[in-house]
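Okay, so here's the structure we're looking at.
By written order: A, B, C, D and E. Residues from 1 in each chain.
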């Protein structure tokens, strides 16, 4: 039995009078790819935001590595070892690809503004480590050619890869990918799927995905959680989900 | 003493409220934080000078001239400066209004010279005596006209079709264009109205003292007024203006005129901390 | 591929290609038409280009940083490619945008008033009366602020506002998004009435395929910015492709 | 590749040299100036707020100065040379004042400079004035530190705040036949207001009276709070310091609250604009003290100035006290240069002034006299008022009559 | 340290000119900077006199004040352009710097350089306080909170000035290092130039290291920055402190340069001028602050000089121009700002960069590096 790296326990989220999540619970097993699917507006991104601290859940708990991270601020949650990407690509537009990746290394450094301003040894150590790590990731993603480019100069799919790379840089145990395939071409999607597989096998990272591209989801997921109207309506391995009546109704309409 | 301060504070506050209302109208429509609002007010005073002294128009025509002039000015500003910059970040939008105020000041000084001018409009200038409170008729006129203008605006805003379209546009840009609203016209109209309201305020201020570009600094008191009231709120702007007027008179009277800025800006900071969206503004729900 | 169109064409899109900020094409060579009195559905998974197509037709592309690179859009006889959205509305295209874009600080009546503002006053009043007749719920809530209504009522209002401008054609974008199925069904039930009473054609973009296919006569299926399937709704509904496109069930047809 | 780089570099060098050569050829053409004195002209500096918040008062001063110099140049200039005024607009900014001063010292050297109306900038410049040895003659305002003790190379040119306080208080106390006057002083809450307030207090205390100091803001739209304090105090008369708006607000508000006591203001507020704005009813009890005579108060003395002003297109300004002050300084500067002789230098000019110099201001001001111990120049003042029917200023006696109040 | 400089040069070499040319370029720039004060002081190049217009009506004093303003502008650009925190209260830190320099000099008898350090420390502390609203409010409301800070600081300054100093202002002591007094334009220039260059470099260097880069990230996307483990709240306060320290340094230097400062000098217009500088120059880059300050402070003077030269032309029109020089200069100036905003939204620096890159790109050595 593989232990749960992340467990979401009856998380509820209300905005004013609107209930976006009705006590959703599920677990993401260590080293596995878990996907959250559901029609638009079902509450998937809200769920991600509750896990990463962007929203404060109205009630319920989130446990990570056995630690209760409910109520922590986003940066603190990131520091416990959770990295994420965003639905509408959140790269830093003013920074080059390389610099974007280096931001991922932020939590491993300790040097401050003043040290940076005078080239203090600690700042340089941080910088060198970040540089090395970023170079490795760029090589791994085969993006070395575009290290100096600004995100806006890149195609959408490549931007998604850069964002993925930044998440990898964080050296997190768990990576949350919010619609990583949206807007990608078929080829790009296949590349990304392979990347995720490689990362999963070589680094043993755990993934939690929100995705719409069903062929991809069915292909890559070890476990699928289906939400609709803020409720979990099904859970299981891909083959089960494809046959689940509630799921088919939610998607195609009953 | 107190009643006297309150009265003069309310009278001044009404003028500030009028200018602040113009500011809010412009802000709601185009999201421009208009640092030139004080200068638009000054333009009103100089339009009055042009009409009354240079053209020798009778009083009612002078009023018409001011309103038409201010309206045209507002529309011109929208199409020449604001629209070309459309949708830019906060700071460039602020800066363009600062550039506008530099330009307007230079143009006014070129045309009228830098020296303050005296303008006498046939407005009442006597005093009412109520018990031991002495009330300047000019103050009363200013307050009454300001309130009438505000009322007129609110009726226009609430009841007329143009006002309805203006509110709709302020509510949501995309929904507005998808409903067939010609947003450019609405925005230009908002600038015209905002400028007119400022101009009327300017006419009264120049009656209280002189016609001079330095009136701009008084007009800028509209800024804290709108923030205290909440940027998006029409009643907030009016109440913010009244509050600033009251603070000014009470602080000057009971403490020291120097204390005025402190008594306006310290509460402003506090309000920002406690209700960051202003006293009457609406909280915007943050979405990721 | 397309079934011969026996209606007079009200909306025609020919060879439409769109991209954002000069990047890769989001739509490439889309052909589509809506005949007079027709209800047509556009289906497709997320990211297939549905929203972009709607934006291109409604003139909103520029606002979102996109541009039409090739192709033509016509409403009736008017070429509306690259026209401003407000002008397109005035040419008879009503819009029910995604995300229930109602004016939240306006009352129900005012919302409808805004919709009817493109019409002469008298005609506007008549269409508003018709909208109230169609959705009695809106009539009950005349003076309520739109922002305080439930999601379904807001969607109803958005539809009503579009109808108030007495359009020749309305675009309905993702109406079911985040709404309870019952409410969605209620609204969809009115579509045929709308057509008969207002004489309006409809172009429906919908993720809930079954619902859309039920109400429409014809349908187009978009995938990655291209029309991969089109035809009579009944035929589309039984096509294996649609199931695959939505649920990722590997059908016999291999991907090109 | 390297060669291409070098070729390019060489091209850049040759281009630069050619450019420099052109500049050199152009530059050869002119004369090296000695303290701003050329064969046919003398450069003289002038700084004033020609734009910005203080321009309403300072721009007329600048026009008066320029008009005076223009008139002198038209009569042939000074010892065969024309005076060329280099004007710098200081925009109410102390740093700009500093830049302008430095400019006159060496950038475009002048024989001397006038104006310098920003009192904090003046205070800041005092050490530099001593060091740079550029005579400053005729300032628009005079900072206390500059004349007490006298700063070498610095010579004032405006009525002093201390004298304004002494003459104003003295005249009104006697005029109203008061034993111990009760005075309300409305002043701006800025530096010069504080300074003036201390002088008024000293002058009133010397008369055994009491004074209440009431501050007001430059940016005020209403003077109700100030006037209510005046009302509570019931003074014998009111003293006003500020900008024209201050006087207008205070006097109008006093009228509104039925306070019918006379008021006197500092020199700067004695403009026709203020009186026109107040109107005859409120303006009749409003006085000011001045060391300059507006044209209409003494048309005979002002004849030359009036003619020159009309000619220069500044006719409407000739009754403006600031314009008169600029004119007086302009004529003083010309006389001083003339007295130095054919080859003036900064050093000679300052030595001459320090040795003792009295300017002929043809009655447009009180006696203007510099000595080694006194660099202020102007001391005598007189009270003035405005006659609405004649549209002319009216003085209450001659400057000498009020010297008795000066200490 | 030398290690750092090497790394620095390596980075500079990336995407730039070959080393020899760089060295020549830097040498020429240095030579110009070293020779400039003598040119301006003696109004001549290699002994050949230049006319005032040939020197663009610019004097040494203006250059010195520009150097001080560059520190102020770059520090505001760091706060607003790099960290995305729009402030209209920058004059407050100038005022604070001059006030602290004067106070520590007068009451504590600290020497000149120590007062500068004191001013920076005080600026940093005040910066933290001024930054507090940024944790709570954003956008326009934050802008207004900085406006409030401005008025409060100026009020405190005025009270301090009236209580302890002369009414005409706060007199600061002489700028003396040991027994060496900085008392001439040239001395000031050689004192200010390294301070300005160093200040700019210190701010610039941060951007190439961990936390400084995080500042840029925070500006571009606060949520994504938080998701990368950056505590944006603390970082905002740090940036405020860092930037305010330099603004206070500039204020203190200006106070010493003018030898006397008054609270009235630090008006809202003074603060707004810095916003204009960074917008005209270009937001978010160190070069933008520098170029902006140079243009903003020297352009009016150049225009004014040019206006003085326009003496010929149709009589009435020329005399009208001459009589209204300041207004016309302001009109042109305001219009230039508006035009830059509309047609060059990234400021002069943003406008020049592509030209510069195209120029380098067109050169044959481009391919080599």
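Just so we're on the same page, a contact is a pair of C-beta atoms (placed from the backbone, for glycine too) under 8 Å apart; a residue touches a chain by one contact, two chains touch by 3 or more.
Treat the numbers as computed from the prediction; the structure is a model and nothing was measured.
Colleague: Count how many hops through touching chains it takes, at the least, to reach chain D starting from chain A.
Modeller: Step count on the best path from chain A to chain D: 2.
Colleague: Going by the average position of its CA atoms, which chain sits the greatest distance from chain A?
Modeller: Chain centre farthest from chain A's centre: D.
Colleague: State, to the nearest whole Å, the distance from the C-alpha centre of chain B to the C-alpha centre of chain D.
Modeller: Centres of chain B and chain D (C-alpha means) sit 36 Å apart.
Colleague: Centroid of chain A to centroid of chain C, CA atoms only: how many Å?
Modeller: Chain centroid spacing, chain A to chain C, equals 33 Å.
Colleague: Hey, how far is the Cα centre of chain A from the one of chain B, in Å?
Modeller: The answer is 49 Å.
Colleague: Give me the residue numbers in chain B that touch at least two other chains, ranges are fine.
Modeller: 109, 114, 258, 288
Colleague: So which bits of chain D are touching at least two other chains?
Modeller: 50-51, 55, 189
Colleague: Mind pulling the residue numbers of chain E that touch at least two other chains?
Modeller: 158, 223, 327, 330
Colleague: Across the complex, what residues on chain E touch chain D?
Modeller: Residues of chain E touching chain D: 18, 20-21, 24, 40-41, 43-45, 48-52, 54-55, 59-62, 65, 158, 162, 166-169, 171, 183, 185, 254, 257-262, 264-265, 301, 304, 325-327, 329-330, 363-365, 368.
Colleague: Can you tell me which positions in chain D touch chain E when the two form their complex?
Modeller: Going through chain D, the ones touching chain E are 1, 4-5, 8-9, 20, 23-24, 26-28, 30, 32, 50-51, 55, 87-89, 91, 93-95, 98-99, 102-103, 106-108, 119-124, 127-128, 131, 143-145, 189-192, 194-195.
Colleague: Could you pull out which chain B residues touch chain E in their complex?
Modeller: Contact set of chain B toward chain E: 33, 35, 81, 84-85, 88, 90-92, 94-96, 98-100, 102-103, 105-107, 109-110, 114, 220, 223-224, 227, 231, 258, 261-262, 264-266, 268-269, 272-273, 276-278, 288.
Colleague: In the complex of these two chains, what residues of chain B are touching chain D?
Modeller: 1, 4-5, 8, 11-12, 15, 109, 113-118, 120, 127, 134, 136, 205, 208-210, 212, 214, 217-218, 248-249, 252-253, 256-258, 260
Colleague: State the interface residues of chain C toward chain A in the complex, per the touch definition above.
Modeller: Residue positions touching the partner: 21, 23-24, 26, 45-47, 151, 174, 176-178, 180-181, 207-211, 224, 243-250, 255.
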